[in-house]
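Shared chain: chain A. Partners: chain B in the first complex, chain C in the second.
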Partner chain A sequence: MDLLIWLIIIPLFTIFSIGIFNYINKKFVLPVVFTSAILQSGIAIYYIINRNNLLPQLYNVGNWQRDIAINLSIDNFTLVIFVLIAIMPLLSLLYSITEIQRKPAKFYLLINVLLLGASGMVMTADLFNFYVFFEIASISSYALVAFRDEDISLEAAFEYLIIGSIGSVFLLLGIVLTYQATGTLNMAMIPGRMAEIPVITRQVLMSLFIIGLGVKFALVPLHAWMPDAYQGSPISYIVLSSGLVVNVYFFVLVRILFIFFGVEFFQETIFTNLIVGWGVLSMLFGHGAALQQDNLKRLFAYSTIAQLGYVIIAFGLGTEAGIVAGSFHLISHALLKGAIFFTAGNLHKATGSYQIREMKGMAEKMPVMSIIFVLMLIAMVGIPPSNIFVSKWLILSAAVEAGYLLPAFMIVFGSFLSLGYYLRPVITIYTGYTGFPGKLPLLKFNEYFPTLLLAGICLIIGLFPGYILNIIDTAPEFLLEQSNFIIHILGG
Partner chain B sequence: MKNISFNKLFSFSLVSLLGVLLLISFYDISNLEVTLSLSEHYINYGVEETGAINLVTAILFDYRAFDTIGEATVIFTAASIVALILPQHEASMLKTEFTPIVHQSIAFILPFFWVISIFLIAYGHLSPGGGFSGGVIISAMSILIIFTYGFHYMTRRFNVTRLSLIEDFGALLFLSIGVFGLIYGGSFLANSQAGVYLGNPGELLSGGLMPLSNLAVGAKVGTGLSIIFISLTRED
Partner chain C sequence: MPAITMNPGFILILVGILSIFMKNNKQRFILSMAGLATSLFIILGLPEGERLLTFVFLDFEIILLEVDVISRNIALVFVIFGAGAFIYSYKFCKKKEFPLVNFYLGFSFMILFVGDFISFFVAWEIITVSAFFLIYDINDAVRQHTAQYYILMHVSGGLMLLWGIILHVTESGSIILTMPERGLIFFLISIAVKLAFVGVHTWLPRTYANIPFHISVILSAFTSKIGVYGLYRIIELDNMLIAYFGAFSAILGVILAMTHSDIRKILSYHIVSQIGYMIIGIGIGSELGIVGGSFHIINHILYKGLLFIMAGTVIYSFGYENLENLGGLWKKVPITFVTSLIAALSIAGFPFFNGYLSKTMIKHSTDNQIIYYGMMIAGIGTALSFIKIMYFGFIREGNNPPMKKKPLFSMRVSMVFLAGIMMTMALLPEQMESLFNISTGINYFSAYEVWNGVQPILIGLALFPILQKTIEPHPEQPIEPDFYCDICNSFIEFDNKVSKIHTGDMVRYVSWVLFALVLLLLNFYVTSLF
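Our next item is the complex of A and B:
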């Protein structure tokens, strides 16, 4: 069954109708939003469960023939993001019920716009259609950063708007030039024609795509917006951004690079070394900058930048093992970082601040949350039986197998570096107890449930990585072999 | 002082370098021999396949209607963001009093604006125009009303809430046209390929569902841009 189009229709319906429901009766908003979120998760889960007999699937919007239609497609690589679409939005919405008190209808509208953009970007096989969904996701991100309407969030949103728009211009330029050079926007028809244009031009196009999308997933010289944006925005948005949307931008860049230019293009030139080196640089920079942060949100923003560095290394290897390892790390980092941000938000309820130094003796006030927080921070470093341990192990063995010994060493070194800043909040939380100033903050169901669920999922993945590996182990087929993707979209 | 000028010089040379590199690659790309198969298909078969003699509308509402619903969502989101983020206690900036001559002539012009916007929307698939341009003219009407008769006159008739509702219904109409294509023709936003009666190209009722899509987008864009302008000039 062609359920994939409903991943577009359902959020669109929610976006357009939420104003009407809000006008009739404010009580209708939450049920509508949650029905739509549950349906979207359900569709993603449906595709994950039935992956063997449904995938790859193609959808021609408007019933046009394949070479002129806008195609939506789901293949095994798409499932990497579908795992996140199945889990993150629902939990993030659940958490937002208590967090967002001001204008909740607008917040849910913007979150649905963000989800629409993410689903569209993942599924589309048309370059300009991708840009439309890219803009949809970007514009709602800018607004969600500013949602708390404080000075710091407005400033961060403005910064993000400027940097993001410059990135969009580069991406649009890349798309326009690709169209001019190849005469088509169909992602499956571009690779064949791309091979005919000169190498220099191909490199220019590739740089434009890397800059345009790199801004969005905070590739290191272009990362400046991320810590500021996270510092000022609501936790529910941060979880969705770091747990889904940032990964979607990275996913699309990987797809564009591998499908348009082909893995041979990288291996013939020095680009493999360049990308792996860039990943190492991202990782070391992220870890180094996180060491100096005193604000939990900023600290974890830099940690996200560093963790994406690992993913860049893994995909940069260009081998099958590398792609599986990178996809696994993408998923496990997203889930664990979501849990960590939820916990940070819960701890914030007791102190009213995200500054680490003001969290002294938190363990006395919120013992359970503190223990979970500590366990997850240790898991983030990569100590077994956490899921990060499995993914780092996979990346390490893939790197060694491909002959990248220095990056492999750097992965271990970076993990030790990260121990430094993850331990700092732990020490602060468990020392310096200064008496009991007030009432214990009672956590509501929708605040601790997402935290515990995500933490539990991370633990299960760490103990039984096979569940996720089964889903993603065929992902490289549609990346390394351009012909698989082309035949899937255009037919034999 | 010396530092600042050095920084400016450095940025200037970086930007110039980027510009030169881009110009070189533009030049390289313009020399490539490309078969523009997509645009040739649109030009050769557009009228026959979609029943619309305005090719831009044929592409916007049939070949690439999926992009259009995305663009409509961008405008929709932008309108609700502007209404959300802008502070509501801005000082008034529209206190200019015009003479009766201006009032009378604007009142005389407004019906013509209305006619031309409806014409552009209704004849979108036949002549240059369409939902987007018609909607922009509708929003130009609200800008004119706010400037001449004042903000309160406008909001007494059309406040943001009511405009948002019209916008919601316009967007939902477009979405339901898409779902109609899904049910009737087997694919989201299917129009001519769904077997909808296309009519004779050049007649008012041709192009399948295109006139209806134009109407939906026109209502949506007109109210969306009006909301953006009202929010920008709002005073409480």
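Our next item is the complex of A and C:
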């Protein structure tokens, strides 16, 4: 069954129906939003469960010839993101019910635009449509960052807008140059023609793609927008961003680099070393900057930057084990970081502030949330039996096998640094303090359920990593072998 | 007897989970004792030398049960001391401490019987985390600082272990717990942190002297011995270099111990020193050496535990632990005095006490003169510092601190129980040897051996009047800043600088983006030149 087009149709229709229902009767907005979110998750889960007999699948919009058509494709590598599409949006929307009290319809609308862009970016198989979806997702992100209408949000949104637009310009330049050089925008036809153009042109193209997309997944030093944006935006958006959207940008960059240029080209141009080194830099910088943050959201923003550094290292190795390890870390970091942000949001309910020093003594007021928070932070360092332990194990052994001993050791060192800054909120929360104002609001079901569910999923993945590894272990086939992807899109 | 093939650690972990739901300390205590009894029963019936309870995790075979003589004997003494510690401390334990102590004990048991690196690492790290929560206190800034120091130290050690395991596994392709083929140094660093080798021992006195006495009793008995056990599993060749390091640690430990005057600080530095003896035994690597080393672990758990119990009783009854404030206690707490005298004589290696047996075994396992004289010097130091504790704390007249509370009955029971077991072990050397499946042929109670054993103590006694002025008690700080704190502070300064460059200035951020692009292009240009 060709369900994949529905991942674009459903959010598109939801966007319009939210507008209409908001005008007719506001009561219908929530059911519409959740029906659409459940349907989207359902489609993703459907593809994950039936991966063996459905994948790879191609949807040809309008039934044109394959080389000029708008192709939507899904293969085993796409499943990495589908795992996140199945989980994160639904939980994030569930959490937003209480968090977004002002203009909820507008928020749901923007979130659906974002989801539309993200799903489109993952599935599209030509660069033109990719750029369209990329801009859809970006612009809705700018609006979502500004959503809270506070000084910091507006400033952050402006910052994000400027830096993001510069990134988009470079990306567009890259796409235009690709079209100039190869004469096509079909992602399956580019690789064959790319091999014929001069090396220096290919390298320029590569740089433009890296900068254009690197801005979006906060590659150091293109990361500057992220801490500010996270500090200013609602938790529901942060979870969706760090749990899905950032990963989608990274995913697309990986696909572009691997499919267009090929692994052999990386090895010829010492590109592998560059990317691994850059990942190490990104990781150390993120961990280093996080140590001194006073704001919990900023702290975790830097932590996200650092954790994506691990993923960059793993994919940069260019080996099968590296890709599996990187995909695993992408998923497990997204889930755990989502849970941590939800918990931070729950703790925030008591103090009304995300400043770490104002969370003093939370543990006595919210014992269960606090202990979950602490355990998840310790899990984030990679202490077993967490899912991060498994992913670190995979990344480390992939890196050592590929001969990158120093970067692998830096991963170990980075984990140690991360423990240093995770301890700060822990110690502040677990400090005796009596001067708490007033009575605490009770947590609602939709606030603690997403937290507990995500934490539970993380623990299960940590104990039984096979569930996720079975899904992603065929992912490298469509990255390392360009021919697999080309045959899949263009046919035999 | 029907044997249950089960890792005894799981029983205690289960007990830990159950004890969360118990109503009062008595129920939790009974449950914990039942857990210990069950695991004792299981340990006695475990088959030796087989690899059991295996399953597959990430393409590797996990072995959760692999028993040998040494791990079984250490587990037995863990049970005995665990029971003693529970009897001693159940009245003071807070609600959160029972589950944590049970987890801590459970994973300590588990690590003794696992047969592969992954589960070894898992248990290793969870021991650290549960100890962190035991040390941590919500209302005490000193304990918070200590806990932070503890977990940073131990997790850095644990990450070294992970790194070593990764190196070994990628080289050999198997995770069976054995002598590593690559990265031995990282295993050794990790173990050195866990067993508080001189140089990375700083967490140990800092921790054990600052936490409540009943927790220090439990932590001091197990943590560093797990490290020694890890050393035994990982070093399989005879390695004299390690034995020299052990002798070095033994001597430096006692020197540091003599300069302190908090009872628990002295005892902590003595752990460092006594661990040195175990390292010597394991480093020598002959059968006698390994048995001597692991027998010393067993003895050490008992007498050092008993000494920490003594320290706890003194703190409980008098409220002081600096020797400066104590004196003449032997009349007021006679049972404590007698049992701690037994423990002190044991640790000093006096004949007819249990430390003597294992020290003699280690001495007999090598002809190396450096090791012999190293142990001799360490023995003199040990004797000196215990004469110091006994003299300034119990015997000398002078300060006469008033007794606030009489030691509880349960405390006295546990002291007598442990002292009784120690004396039984000390007087039955042949049975002890048969427990280790070894026959040494050493005649422990011959005049020659006894004279050898008494020597360091006599020298210590002779030196004590001379050195009395230099090692006299003095007031102490709870936390002394050290080298590792300086490293952390310089990190924090560096990170301050890193976060200061995020000024919020848009021009700066945009220029970073452009800079990155230029750098990337330049990099490609430069690499294409060659």
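The rule we apply is simple: the second predicted complex is superposed on the first by the 489 of 492 C-alpha atoms of A that agree within 3 Å, B and C clash if a C-alpha of one lies under 4 Å from a C-alpha of the other, contacts with A are read in each partner's own complex, and residues count from 1 in each chain.
Keep this in mind: a residue touches a chain if its C-beta (ideal position, glycine included) is under 8 Å from a C-beta of that chain, and two chains touch if they have at least 3 such contacts.
Quick caveat: nothing in here was measured; it's all calculated off a predicted structure.
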First, second, both or neither for A:Gly420, with chain B first and chain C second: second
Touching partner for A:Ala125 - first (chain B), second (chain C), both, neither: neither
Contacts of A:Ile5 with chain B and chain C, given as first, second, both or neither: first
Which of chain B and chain C A:Asn63 touches, first, second, both or neither: first
Contacts of A:Val204 with chain B and chain C, given as first, second, both or neither: both
First (chain B), second (chain C), both or neither touched by A:Glu135: first
Set intersection of chain A contacts, chain C complex versus chain B complex: 200, 204
List of chain A residues in touch with chain B within their complex: 5, 8-9, 12-13, 15-17, 19-20, 23, 59-64, 67-70, 103, 106, 109-110, 113, 116, 120, 128-129, 132-133, 135-136, 139-140, 142-143, 146-147, 149, 154, 173, 177, 180-186, 193, 197-198, 200-201, 204
Chain C residues within the chain A interface of the complex: 57-58, 121-122, 125-126, 128-129, 136, 138-139, 144, 148, 151-152, 155-156, 158-160, 162-163, 166-167, 169-170, 488, 491-492, 494-496, 498-499, 502, 504, 506, 508-510, 512-517, 520-521, 523-525, 527-528
Touching residues (chain side chain A, partner chain C) in the complex: 155, 158-159, 162-163, 166-167, 170, 199-200, 203-204, 206-208, 210-211, 214-215, 219, 221-222, 224-225, 227-228, 269-270, 274, 285, 288-289, 291-293, 363-364, 378, 381-385, 390, 392-394, 396-397, 400-401, 408-409, 412-413, 415-417, 419-420, 423, 427, 430-432, 465, 469
Chain B residues within the chain A interface of the complex: 21-22, 25-26, 28-30, 32, 34-39, 41, 62-67, 69-71, 73-74, 76-78, 80-81, 84-85, 161, 164-165, 167-169, 171-172, 175, 178-179, 181-182, 185-191, 193-194
